[in-house]
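What follows is a pair of complexes built around chain A, which joins chain B in one and chain C in the other.
Right after this comes the complex of A and B.
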């Protein structure tokens, strides 16, 4: 299992796509930080959880695309043809699917860490600000639910039809231009720019309204359920 | 190892009946050639044997146990080369085989990996990424992964596709050696691949088994049904299947198989190819 996980990580992270994507991703992140986040959002400091959350929201479409690209290593036509060999092996299909799922999660987590690491470096470099622990909650709240949902829904769709993963990559971009319920404000960035203004005082403490928490929890559960379905179907 | 097919039928969801009521017993050690034209049902049979498909009716017994209850047992003893497969292009040959060894749950696989790399003549490419390999080398990597772990039951579906003539001979001999203590099923539509090495033949067409037996028995079945004649004789008999036309100094000489040869034809000793074509053509007439 560990060996399969290691090889799958190597496949996902040691290739032309990732080598090209990571610099673009980091460069885009730095541009967002140095042109938008630096001004702060909702009258808060650039390194406030709100400004940081806005930065994460802007990075989310790229993170989403990156996660779904990882999945194409498992759902593409080429991957299905390789399954003719791997399916004939005696390993439990459920364990095999879990190892691959773990590799996709690890790849996605690495991208998320790169995203957060870029911000931490930016804050340290420009502001000498290093209280990174305060960024943990907005990171978890903003990134974990959509990325778990990206992997779950993407794997599910990819198993149905390999090509469905590609149009699905556009979802966060659509969310930024289409009107969506307030509870999903983390998806289009409005939450971080508008919600702090409704709270009393300058630089309010980071908090999430119940509707947003519920939406994020539901999203996370839906993603986990879809992942479980895909792993279970893989074991049949 | 013993595999038994009992009244095995397979109909795809689109209604295409791929196999009809097959009964067959395969027992180690032997190298069994599975012959048949394209679309005969060979690949479907292979997929059923590796549990990649579930039969519509009938059963497959693996050492006396139904396959649906002995899938892990079978796969722990199986080496499989499908006709259509993909490899992980991002990995090197050695890494891919190490990956497959992990899937096969092999302990300390390095010596075995080196051995199969040697046996398929890929030592020079052991550290090359799979994406840099030629089509024939891809095929050899896939053969190597099938051989990994010394499986007791090997299934090769069109294994020599994409290999040059020298390599084909090498692999025929490799399969022959492998089958000395194991069960090897070799599916192909290339007669040359089976005639020199297979001890038993199974000929399929239209989802049915037309023949099981030794190559000699198949050849004997065509005795008196192979002949040669000159094209200028204008033979136009029904049921005559011309298997070769050769330009000679005296005109075009035709070799043909038929239930009843034309009077002008001179009988010839049948080859395995003649016998196979005779069997298939007889089935087509029916």
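Right after this comes the complex of A and C.
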């Protein structure tokens, strides 16, 4: 199982796509940090959890696209043609699907870490600020639910029709331009710019209203459920 | 011929694809986004709202669609694993060229279709001020050129990476940067040009030129990139480097790619539209140049020849100096960046000169050494394409020079004398300007221009005299209406195309109401040259200015869209109100900004008075919402801003970033904080009537000729308050 996991990780991460994607992703992140995040949002510091969350929100579309591209390694027509061989291997299809799922999660987590690492380097370079522990909660709240949902929904759609993954990549871009409910404000970035202004006092401590927590939890559960369905179907 | 045949075959195949037709259909529909949620042009003119925004939205959306289509099409052969067969039959490089041409042709067809479909819609929406030239240029430049750029970018990504997934990511990041991070940089936003306004009444060639330049720079860069990627097309089973080594054997291929990239880099660096003025707007080195000792200017004249086709200016300015110092002296002049000084002659002899590379507030400094002789006549020949200030690089269009409109301000009219005092006659100036005979020339001062000569080539020379080191001139297809108000005659000049809107909006009544209000509340204006005031409509500029005897009226003050805005009443005209009020506060009464209070300037009382007039014209609710609440919000934002509260962090940033932040914050104190303080003073002195009596007293006070300025302390004394009383530590309510 571990061997397959390692193999799948290597397949996902040791290839031209990842080698090309990572520098593009980091360059984009640096541009966002040095032109937009540097001003800070909602009267807070550029390194406040709110400004950092806004940065993550701006990076989310690329992270979403990257994680869905990871899935295309498993759902593409080429991967399906190879399935005849992998299915014949002496391993439980369920465990094999689980290992792939874990590899996709690991790849996505690595991208999220690169995103956070870019911000940490930026804050250290410009402001000498290194209290990174305070950024953990906004990272988890902003990135984990949508990325789990991206993997779950993407895998589910990819199993239905391989090409469906591609239009699905546009979802976070649409969320940024179309009006969406306030509870989903983490998706279009409005939460980080507007919610702190409703809290009392300057530089408010990072917190999430119940509606946003509920929306994120539901999203995470939906993603996990879709992932479970996909893994279960893959094991049959 | 073979390539051409392949192109037609490829185009035919492309047009048989349902995805192509879906892309074309979405392209045709995409300008609708500009009428709903994608509205980068913020001005309220009809062409901004109903032409610029749809065209730019169409460009962004169609660019992305065609980029995606390109990746899909270029990956098609490899996806269906036919590349080996295909490459055996046709050279992959020839095929790539044919595919690119086919995609570009499909994009051109989609653009043509979009323009046809949206022509009647735009015509209907824009109404009487619709301009066919603007329509064609807006769609071709704002939308059309985005398509080849997107196709080239996507195709380059495909050819370099040889992977559809990575190409998609590269293209998404490239488009995403343009739409977000680079959106405020006029040279980088390749997909969504920085266009904030299109004029309804006058021409828009300057902003069209700027967008065309940006797009052509990117076209050269992406064509170069595509040519480089073309050399990397995999062939003979080789990888990227192997294929590159093989394709580059014909030396002209990499040479073309490099030449295109070099041309793009040169075009980027040497752009002619925006100057390199010091971004620190608090530095005024040019105003601190010591006056030339013992030298006075006794007169000057200029002959100006704008080329309305090329948007350039050529001119010859002559200055007469008297040098009583008995030694050489240096005279300094402000020259508009973009102009070249071709010769300087002193007393008919060629003389050396130098133009500084340092620029400040849209001027470079020309230095000329005056001889020790008592009399010197200096003739300067200059000309070129005037550049706009870098601080307003996202709001270009101001320096419009065409046969329909022209605005030359100070150094762009003739070199502005900086460090020589006048003799008793001040700076008598005679300006002659030669323009198409259809243009009306309006000096932005109390002088009137007279027709000096009509030439056979369809141009005419106008002449006027006035007294100043600088000077502003407007010209265009104007009509004039005289208004008697406040005991003076106001000459209202506005574009002929705007006549219908001005009449429907009751512009004359609005101007009259403002002049009467100020006269009644503060006192009558008086001008040394007669009892007339010019009010000139400018091409939409987002603001205005005023000088002795003339104020500006922004085109966007009165638009057809405002007519339907019931909240504002029939006419908004708030720039006009503001600039007209400056005749009382700023010109009728001058302000010393160097009296120790960085907030105190003519803007505080002018903005306050504008608020009072708007309150009277459009009601208390409108005035509170659009003035007091906005001031309060801006001031709150200013004091809560992280960098204002923690300047130590601001100092950690690179200078360029520091200036970006401080420049954004600077205007708030004069334009929002001071009006709020005056509003608080109004409450403390007993209300509006009491404040009007105080301001009337200040306006009509006896001036000290040695120090005629109205100071903050005088204002506080008149109110019986001290500075502490006006601290904004509690809510202002009206």
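Side notes on the structure shown:
Here is the rule we go by: the second predicted complex is superposed on the first by the 236 of 236 C-alpha atoms of A that agree within 3 Å, B and C clash if a C-alpha of one lies under 4 Å from a C-alpha of the other, contacts with A are read in each partner's own complex, and residues count from 1 in each chain.
Just so it is clear, a contact is a pair of C-beta atoms (placed from the backbone, for glycine too) under 8 Å apart; a residue touches a chain by one contact, two chains touch by 3 or more.
All values reported here derive from a predicted model rather than from experimental measurement.
Superposition of the two structures on chain A shows chain C fitting alongside chain B with no clash.
Shared-chain residue A:32: touches chain C; no touch with chain B.
Legend: residue contacts after superposition of the two complexes on their common chain; A:66 is shown touching chain C, with no touch to chain B. By the touch criterion defined above, A:79 reaches chain B but does not reach chain C. When the two structures are aligned on the shared chain, A:44 is found in touch with chain C, with no touch to chain B. Of note, the Cα-centre angle with chain A at its vertex and chain B and chain C at its ends comes out at 120 degrees, rounded to the nearest 10.
For chain A, the partner touching the most residues, choosing from chain B and chain C, is C. In the superposed model, A:14 makes contact with chain B only, not with chain C.
In the superposition on chain A, contact of A:4 is made with chain B only, not with chain C. Look at A:178: by the touch rule set out above, it reaches chain C but stays clear of chain B. In the superposition on chain A, A:91 contacts chain B only, with no contact to chain C.
Taking the two complexes aligned on chain A, the least Cα distance separating chain B from chain C is 8 Å. According to the touch criterion, chain A has no shared surface contacted by chain B in one complex and chain C in the other. Of all the residues in chain A, the ones that touch chain B in their complex are 3-4, 7, 10-11, 14-15, 78-91, 96.
Of all residues in chain A, those touching chain C in their complex are 16-17, 20-21, 24-25, 27-28, 31-32, 34-36, 38-40, 43-46, 58, 61-62, 65-66, 69, 72, 126-128, 166, 169, 177-178, 202. Of all the residues in chain C, the ones that touch chain A in their complex are 37-38, 161, 163, 165-166, 168-170, 172-173, 176-177, 180-182, 184, 637, 640-643, 645-646, 649, 652-653, 657, 661. Of all residues in chain B, those touching chain A in their complex are 50, 52, 72, 75-76, 78, 80, 82, 84-91, 95, 98-100, 102-105, 142, 145.
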